[in-house]
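Look at the two complexes coming up: subunit A is in both, with subunit B in one and subunit C in the other.
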Partner chain A sequence: MRTLEQVMDEILDLAANHFTVPRNELSYDDDFFKKLGIDSLQALDLLTRLEQRFGVELPDYELQGVTDFRALAERIKARI
Partner chain B sequence: MLDLRRYASLGSALRDALERWSDEICLVEADRDREPQRLTYRQFRERAFPLCRFMQERGFGDGDRAAVLMTNQSKWLISAYAILHRGGVIVPLDYKLSAVEQAQLLAHGRAKWLIVEYHLWRAIAQSGGIPGSALTHVLVTEAPANAELAGALPWEACQAKGEPGFVDRTRADAASIVYSSGTGGRPKGCVLTHDNYLEQCRSLTSLFPFRPGVRYLSILPTNHAIDFMVGFIGPFVCGATVVHLRTLRPEFIREAFSRHRITHMSLVPLVLKNLEKGLRTRFAALPAHRRALLRLLVGLNRRLTRRRPRLALSRLLLRDVHRAFGGELEALFVGGAFTEPSTLQFFYDLGIPVANGYGLTEAGTAVTLNDLNPFRSDTVGKTLPGTGVRILEPDAEGVGEIAVHGRTVMSHYLNDPELTAETIRDGWLLTGDLGRFDDSGHLQLFGRKKNMIVTEGGKNVYPEDIETAFESLPVKEFSVFAANYIWRVQLSTAEQLIIVLHPDSGGEVGEKLLEDLAARNRRLPDFKRVSGYVVWKEDFPRTASLKIKRQALAELMGRRLDRAEAVRPL
Partner chain C sequence: MKDFNGQTLSCRSQGGILELTLHRPACNEIGSATLAEMERFVDAMDDAAGEASALIICSSLKTGFSAGADLRELYTRSREMPVEARTASVRDFLQRIHRVFNRIDSSPMTTVAAVHGVTFGGGFELALTCDLIIADRMARFCFPELRLGLIPGFGGIPRLRRDLGNGIVRDLLLTGRSINAVRAHAVGLVSQLAGEGEALNVARSTAAQIGKFDRATRATAKRFIKPLPVEQLTEEIEIFCRLFTEPAVESGLRRFVESTDAHPYLP
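On to the complex of A and B.
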């Protein structure tokens, strides 16, 4: 069972890689829309990749009201 | 379709539609590759009546307001039907707004009932509830068993037996209150009447008639005026099928076209452009000889469809392209923002007609629509039947403010007589948009009278709101503008935000300043970013209270600067 920190680290690795942002510039409480410079459609793309990574299904609404990596990780962890 | 002239209210038209089309497929609920639900019009009624009855037994009726806050799904339409059956007023709320904003609009709209999805309700409850609301009943859909509902009732409990009483309304009564600007500033609740909707529906279906067998893919939020009309009222009165997809991810939308043999769909320019990008990438990956053949066929199709769309022919010529869209696509509707002509032309040349239009919630959705006879990518089409459009105080080129008159124009802004009086004068709705009619009666859009842009995703952005991101920038003064507010040109590309910089005396706009500017810009959401800057070396004109006179500054710059030279990319 992954810890919340592990889930967050994996999300940050994946996001940095996918959107070509230096990994050391990302931290848990960042607003990922602003930090990655992405729109809501690209955020859905990120969600698809996170589904593949964690092997869970994440409905679009899991992004509702979520802007930082920590909250996103909490939503994912609850479904793992 | 039903003869809408016979009906006094939306509720009575929809009630007849459920009977008239009882064996036709009404709704398909899809979730990725699954299909959890398929309802005929009869089954829709069987689901709606217990809710109508439940609301009736708790005193809901006669002009009572009920808010609906859900993603696109069957319960949205079932709830809307129940509200209208009981003579109520629907307050559709945008599920994309933050919980705090949703709570503010709920309080402003004085809704007594709220029907809401569980995850949205949870977010509202967690963010401090709904201060100042008039709510007496909250129904929550999709709530997990044993979930804490903060005083609300689960949807499943809201069933009552027996035929529900129908409450009719007059044409002049309010049918809905739709908020046309979501975030910040004063809430603009457009009060739309039964007459507004019935007349708009009559007008749109005269150009694009739906029928049983039409399968409409609904992905724009149903709370938005376009989907409410084209993805609910229109299909229902014509016996068509509405397909809801519980995800907006492009890969599932693509699949849905073939899986559900979609015939029509509405979208915003941003999504249309994404589809275009995907197709162009696929075309580019074809072997050279197939690419050459495709070019040839597209050219041929363009020539043969110059006067009007010829679907059967296009499907034959460009079979593979059409197969990727399920093979039965008849038309895409695009609105909510300006669409680039090249994108419209790209689809039309493939034999996929895109009917673009111009409209605003205040005018009950659409004002003009491209009727495709012939297709004109450089305009937003002709005025809809029954609607009047006038260009106020046209300049030498015929460009002036667009004003709209007719039975689709809203009644008023809720609780805001001042704004209503400013916006509707002598029965004419002042849109704040600039336009001109060409010789063939097609409307061309120019910049906006207001310093505002509408993004490709259909969001209204006010440059004034963005300025806080640049506060304390080391310049003497700065201001953010919509470029088309300064230089009024026909819209032919996406709209652009720019920042005007007045450097400190003797100072220049150097690399360091630009880096600072770019870094602040990156922190803004993408649709709020400025894409260029202008250097202006004079003091900005200001009011006595030292506010920038934006219009005066814009006029000065427009007169003295050439856009192509003055705007430098950021």
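On to the complex of A and C.
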């Protein structure tokens, strides 16, 4: 069972790799829309990659109001 | 069939396969320009059906297959009209798009939607007209219309009901959530999963296989197993037009159109 920190680290690794942002510039409480420079369509792309990575389904309404990696990781962890 | 290069879509014919490619930025929103070119396309498609065995519908845009109806155009045009004229205009648009989608749905050719990325609302409904959906693993499917106080209006629910169990139809319609391609494949919505960027190649390979079968037999089989849900499609237009007069729709459209945040496609 992954810890919340492990989930957050995996999210940051995936985001840094896919959106070509240096990993050391990302931290748990960053606003991922701003930090990754993504719009809603790209956020859906990120959502799909996260679902595949963690083997979960994450309904997009659960992302309502979620803007930082920590909250995103909490939503994912609740479904692992 | 003569190749066609329009503002919103293009069509080419090669080796007995028609390819209809959507290419209207940002994500193939379907408004009056797309509808007019689709009407031209289905006229040509019917003429070509004697020669071609399969039709592939795809998008050349990175963003996805289609984000659905052009809500900005719908909102802008509606605001310029009195209420009675709004409903008549929407009804006319829906009847025209139903005619187009029904002709694709019942074409004697075998039809394949090769989808990737965003396949939402009217774009999802276009994919559902096809006999097969081949999806890139990064595709997402969604009916977001309830967020706007509407139901899908391009024939999506009757077609989804024709193809799938009522449970997944209710899930998609009543939650407005998007599902990924793997889930869509698991519930039987997607015929084949393709790797990232490979949906069109897989669709072409499938279309080549389809071309090996006898034309008349193929068309007969399709007629037998894929009837048009005519009554439900007609009822859908009536329900949509009735809902469209509700104040919630105008405010929902305004929220979407005037949104300046980064996530208007999220609930």
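Everything that follows uses one rule, which is that the second predicted complex is superposed on the first by the 80 of 80 C-alpha atoms of A that agree within 3 Å, B and C clash if a C-alpha of one lies under 4 Å from a C-alpha of the other, contacts with A are read in each partner's own complex, and residues count from 1 in each chain.
What we mean here is this: contacts are C-beta pairs under 8 Å (C-beta built on N, C-alpha and C of every residue); 3 or more make two chains touch, one makes a residue touch a chain.
Bear in mind the structure is a predicted one, so any value in this text is a computation, not a measurement.
Colleague: Could you say whether A:64 touches subunit B, subunit C, both of them, or neither, answering first, second, both or neither?
Modeller: Both partners, subunit B and subunit C.
Colleague: After the superposition on A, what does A:52 contact: first (subunit B), second (subunit C), both or neither?
Modeller: second
Colleague: So, A:33: does it touch subunit B (first), subunit C (second), both, or neither?
Modeller: In the superposition, A:33 contacts both subunit B and subunit C.
Colleague: Which partner does A:43 contact after superposing on A: first (subunit B), second (subunit C), both, neither?
Modeller: Second partner only, subunit C.
Colleague: Please identify the positions on subunit A that touch both subunit B and subunit C, taking each partner from its own complex.
Modeller: In subunit A, positions 33, 38-41, 44-45, 47-48, 57, 59-61, 64 sit in both the subunit B and subunit C interfaces.
Colleague: Can you check the complex and tell me which residues of subunit B touch subunit A?
Modeller: It is residues 32, 71, 95-96, 98-99, 117, 119-120, 123, 246-251, 270-271, 274, 457, 522-527 of subunit B that touch subunit A.
Colleague: Could you please specify the touching residues of subunit A with respect to subunit B in the complex?
Modeller: Contacts found on subunit A: 33-34, 37-41, 44-45, 47-48, 57, 59-62, 64-65.
Colleague: How about subunit C: which of its residues touch subunit A in the complex?
Modeller: Subunit C reaches subunit A through residues 26-27, 63-64, 67, 117-118, 137-138, 140, 142, 175-183, 262-267.
Colleague: Contact residues on subunit A for subunit C in the complex?
Modeller: 33, 38-41, 43-45, 47-49, 51-52, 57, 59-61, 63-64
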